[in-house]
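Once you scroll down, you'll see the structures, which are given as structure tokens.
Consider the two complexes below, in which chain A is the common component and chain B and chain C are the respective partners.
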Partner chain A sequence: MNNFLEIKNLSIAFPGNHLVNTLSNFNLKLDKNGSLGIVGESGSGKTLSMLALTRLLPKQAIVSSGSIDFLNHNLSEIDNLNFYKNFSGNKISMIFQEPMTALNPVYTIGRQLMHTYMYHNKVGKKEAHHKSLEMLSAVKLSDNLERMKQYPHQLSGGQRQRVMIAMALINNPSLLIADEPTTALDVTVQKEIINLIQELKEKFGMALIFISHDLGVVSQVSKNIIVMKRGEIIETGKTYNVLNKPKKLYTKTLISCLKNLNTKRKKNKFKKNDKIIEVTNLSKFYKLPSKLFSTKKIINAVNDINFSVYEGETLSIIGESGSGKSTVAKMLNGLLAPDRGEILICNKDINKLDTKERAEIIQPVFQDPYSTLNPNHTIGYIIARPLILNKPFLPDEIRNLVLKTLDLVGLDKGFYYRFPNQLSGGQRQRVAIARAIILEPKILICDEPTSSLDVTIQEQILQLLKDLKQKLGITIILISHDISVVKYLSERVLVMLDGKIVESGDTISTLQNPKKEYTKKLMSAVYEI
Partner chain B sequence: MLRFIAGRLIVVIAVAITLSFITFFLLNYAIDPAQAVAGEEALFEEIEQVRIQYGFDRPILERYFEWASGVMRGNFGESYYWNKSVYLLVLERAPETITLALMSVSVTIIIAIPLGIVAALNPNTIIDRFALGIAVAAQAVPNFWLGLLMIILFALTFPIFPVSGDKTYFHFVLPSIVLGASSVPPVMRLMRTGLLDVVDSDYIRTARSNGFYGWNLTINHSMRNAVLPVVSVLAVQLGHKFGGSVITESVFAINGLGRLALESILGTDIPTVQILVFIFAFMFLIFNLFADILNAYLDPRLRK
Partner chain C sequence: MIFELFAKRLFPQAFNNDLSELEPKHIFLRKSVNHLGFKFGLTMLLIIIFLGIFGPHIIGISPYEQDLTKRLLPPIWVEGGNWEHIFGTDGNGRDYLARILYGTRISLTIGFGAAFVGMIIGISLGILAGYFGGWVDQLVNYLLTCQLALPGLLLAMTVVFLIGPSITVVILVIGVLHWTLFLVVSRSATQRIRNLDYVLAANAIGASKYQIIFSDIIPNILNQIIVIFTLEVGIAILSEASLSFLGVGIQPPTPSWGLLIAEGREALFFQPWLIILPGIALFLLVVSINMLGDGLRDITDPNSKIEIKSKVEVPISNLKQNINSKK
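What follows is the complex of A and B.
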């Protein structure tokens, strides 16, 4: 037992019809001051293994085998009470993915920090207050005294994650486990938080386990890496070796997915085509509901923007949350009326188009394939629905068209009678795309079409969109925050910030040689292998 | 926070004015006030005389303003049935109802909150089922029946408490249990689901990852969030106790506002009925205001 942390043959099962190990034979070794990344897709068991270590497993979970040695203690011999008092939050700390919900909304930042400190160290309020202020400085938050009195909802996502880190480190733990700490954050904020975690790791001299689905991020922060799939460790070793000389097929595909996304694109040949969309002076305001004593607040979600889209090209709109990119998408779909300016689609004002007419020209694909398909209908019906509404076809013709479209998006005939809950995320997104293209629209508006999918699935869906574009000549407008997706799919790009277009141009040249400060910042925050 | 309270207060006043308007108009249109004063067997001429004598021939709006300005100055008018100032009548009867309402809500809190917490901390176990069972039973049993049962059991068979009356606090124990029991189910259920939601939340996972467990976790990290919906429903229940104690007051012979309302309705005493309806409704408003303020104090996100 010379190791700092060693997990041997850990297996976890959930009771069901047959007891299957959700995590099987998980092994891990970590030195004091070491860093380890655990990478895998959703359901790979990467989080589960760490929840077993921190004793936060769901109640139903059964640890069927394995032992954990930590700081010369055999953890399986330590009872819960002892563990809670002496290990969790004290020697082992954890930060989580969702900074929005991981802090208690009804208590001040100060109380939450102080409580965590006073619980493990028998000290008074004054000392705890002092220590909390010190920690807030350590995570580089300004106006600390003011922050102590603030509530979580008064902070931004990045600030909350800093508070989470401050709280995790306040008892000076020997091990920090970060479970997708930046996934819910914007790229520029992500970079700041990752830099902060690395810096604090050195400063506090602790070991770090970093869980992520993002190979790029993990390769940045950890010396060693574990690649997981379906509850098993696929490959493990030094990060550099695994990434450059992967031994297992799965690791290779994972890496090639990322590398493929970074391939360079040819020149934009669509610029000579007709303009299919023309947007002039487009603005959209949101009024916050007025309260008794305060005046109405108006937010310029989209502020006087102009752009056009050429027939057949793929135009990306990138920006962080709140930049107005989704509002633009909604207006292009006709789901939201502009307050000022106009959108011409095929030389017709979109708001004067009949909804059926509009549906035949422009169709949306949304982000979350889990909530955009009605669970009560069969796949066949879901895809056929636009046809039934818009075309006077006979049932047989509709059926044939649906089957043809299923084939087009790479799904087997067998899916016709299935229900959405029988499908995986990737399959669902294929259905959503099939539904969008069945009316043979000229334009497809994809709002973050792959951001809720795993990397390998993501690549397949992007490939599908690319194929469809070639086969059908569809114009695609892609809304995304993911630079690699944008690079892979689009010829031209618009960068949005605070409702305005900051920069636009050919994708490769714009993103590789950004001229504006914001675009530079955005690009420097992207982690590549 | 002050701005929040001021805003709510203005809303309460506006609703109260509308409320008084509606009560006054409905009652004065539903029943001829002159006939009510003169009595059922009065002759046409007598009724008309009363109408002129009491001023019921004046426009209804004028009478409303007279009544409303009186109410604001504490002058609720004269009761024709009781031959007494309505103000004194209400003042006389109010303490009984207030005592009964507060005691019965205390009974609700004492039973429902711990039951809800215990049920939430042991979901789908025998304890949980037992708590839910009590709640269902309390909901199913009619008030008057439970009242009679209590009298037979705890006043006659085992003479621990007095049968009826309102002389001492001891007299209020049985009626409070009866009245309080009916509010146990909604409060207990809300406490249970509220706490269950909180226990599953991300911030409780954070607290657990920091080593908090057991009662410390429940009291210091979960209760404040879980109790928010309970506060609102308790306010409504307290309002119910004020206006809805008619039956219980009758069963236990407590001379409160509920009984006064019943008797005044039977005697078609418009001045008393209209002020009581207004007071019962106004109490709802006030309790809801308190609940809103308390919730805003507990949850900073509501203080906007």
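What follows is the complex of A and C.
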């Protein structure tokens, strides 16, 4: 009982047809001032274990066994009222993944901070106000007096996450749990937040549990690591040992997936074929609706960009959210009309092409595997639909082609009559790719095709895209914020910032010797193991 | 049980043990066999429709024949009832069972007809407004506000009074007055779906606006629409009752359930069955339609959690292994 935190044999089950442990035999030991990282894919139970610690488990969850000792208390003997008063928020704090939804949108930042403080400490408003200001400067938010009066929607994602951290630390907890605190943020912001968390950990002398799906980030933050899969602990130990001498197969594949993505490939010798896409002076503005007494605001989503794509190459567009890369993708696809400039595809203006003609030249693959497929259609119909709409084929021919394409993207013919909700994220993305390639287009536009998938699945999908490119000779335009994905797949790269192209050139040389300030910042934010 | 046997007889291939081979229509069948509410609602509605069509012929008594010597006879289970008039007679000595059975036809026609008219108007406007947005949306919203501001019953009375009452007019008037729910629901659902990736993808594979609306939008808002439809059938039948009650709906001596209730009100305290009997009929119809609608929603929604397992031993575990190995 001398440990700061010890969890023994924790098992959690959800009632269903038969009771299956979603989390089984979870063990954990943490010293005061210690740090621990929990890594795993989605559904591996990493968050669940921490929710059990903070008593935030969903109502139907059943804790079937296990004990939690924290600061010499057996937590299972403490009743809820006592727990919420003396432990959660006070000694144990948690930072959540979505800074957008974790703050209450109708109260000011200041009020939320002060209330958190006043709930656990018997202090007046003045003192709470003072403490809140102190915390805001601890998380390095400028103009903190102004910030106190602002509402969450007036802050950026990174700023909100800082406020969340301030709120979590205001009661001086001895344990901070960070549940994927940077997943929803841009890479450069991610680095700042992680540095901040590490700094504050030293300053306040807390213990830290850091949950993430990203092995690179976790290895940076924590001394010890737990690797989880399907509710079980696969491997645990010192971070350095686990990463360099993994004992279990799963850890090895996880690490090799990451390393594969990060391998320094030789410079691809790429013959410059004919130009397949030529973009000149492309611009797109968004007008914000004018309010009473204020002039119309115009946002330059894409501002006067020029580039061309050569047949058979893979071109990547990198940039943070809001840099205009997705807008470019939509315009290239003809789904959005540009305000100025033109896009020539095979020497034809994309916006003057007939939709059917366009469909046979250029096809998109979208980011979110959960909204990319119509939930009411079977997989077979989803893949067949481009053919039904565009080609005068007989039903039998279509069926054969669909089965062939299913095979090409690595899916069994048993998926033909399935509905999208029966498929995993990776399988859905495969179906989306199948739908895009069945018309044999010349160009495939992939808008963050892997950013919502787990690392191992991510590698499989990228491998698939690579294979398809070799087999079919498709030109791929890849939009991504993830440097390793870009490195893995593409020959040339464009770096975008605020609607403009900052830097462009060969992938390897551009990313290894960045010339512009922004590209350097982007590259320094990448964590490698 | 009977339902299941029937389904197995007709579509034996739907009850294979291998779930991965099932076609969508077979899954639909299997889900419906396992949905108690759906089976109950469907059976009851079929019985009501059967009685509506064949009932009057089976009992062979005219609903219009008056016999003033046998006025206000009580039904068979009340003292003084006899087998000649099982449900008793009304104030003019007409057989009440015949009137209720005949009224089934009119109430069903009006309920489904009016809800259908309302649905067509509401969905088309809602999808137009939701999909195209901009000035179309504003125009439709203006129409909606106008409709909501008008006193429905008063308007219905005026229109029926001006045109002259008949079943068709009543159906159209009730339908034209009951599209607001359909509009609101389909508009907001369309707005949500319009921005999803699969609509963009459909656009990219060369589908026209018409094809997107019919293939991507309507199937995905249908779940909500079914629920509204079942509600509206009930509301339409009751509206007809209130129109008839005010004398501008179905004209006597034609029997409709609403009219029967309206006519029975004078005798409420002395011969309560005149109101209770058509009331029960109305209740059963509305309940069966609601259960059917709820069931249809659950069954057609591919995300619903109804098991497609049936009494036949289905090796679910095998299937799971298959899926896993296919990864």
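Methods note: the second predicted complex is superposed on the first by the 522 of 529 C-alpha atoms of A that agree within 3 Å, B and C clash if a C-alpha of one lies under 4 Å from a C-alpha of the other, contacts with A are read in each partner's own complex, and residues count from 1 in each chain.
Just so it is clear, a residue touches a chain if its C-beta (ideal position, glycine included) is under 8 Å from a C-beta of that chain, and two chains touch if they have at least 3 such contacts.
Note that this is a predicted model, so its numbers are computed, not measured.
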Joint occupancy of chain A by chain B and chain C, clash or fit: fit
Which superposed partner A:333 touches (first chain B, second chain C, both, neither): second
Which of chain B and chain C A:76 touches, first, second, both or neither: neither
Chain A residues touched by each partner, larger count belonging to chain B or chain C: C
Touched partner set for A:88, first chain B, second chain C, both or neither: first
Which superposed partner A:42 touches (first chain B, second chain C, both, neither): neither
Inter-centroid angle chain B-chain A-chain C after superposition on A [Cα, multiple of 10°]: 40
First (chain B), second (chain C), both or neither touched by A:105: first
Contacts of A:385 with chain B and chain C, given as first, second, both or neither: second
Partner chain(s) touched by A:417 [first = chain B, second = chain C, both, neither]: second
Smallest distance from any CA atom of chain C to any CA atom of chain B, in Å, after fitting: 9
Contacting residues of chain C [partner chain A, same complex]: 20-24, 27, 196-198, 200-208, 211, 215-216, 219-220, 222, 302-303, 322, 326-327
Touching residues on chain A, where the partner in the complex is chain B: 54, 56, 80-81, 84-85, 87-90, 93-94, 96, 98, 101-107, 115-116, 119-120, 151, 153, 164, 167-168, 291-293
Chain C-facing residues of chain A, complex: 330, 333-335, 355-356, 358-360, 362-364, 366-368, 371-378, 385-386, 389-390, 411-412, 414-415, 417-421, 424, 426-427, 432, 435, 439
Of all residues in chain B, those that touch chain A in their complex: 3, 6-7, 10, 201-203, 205-213, 216, 220-221, 224-225, 298-301, 304
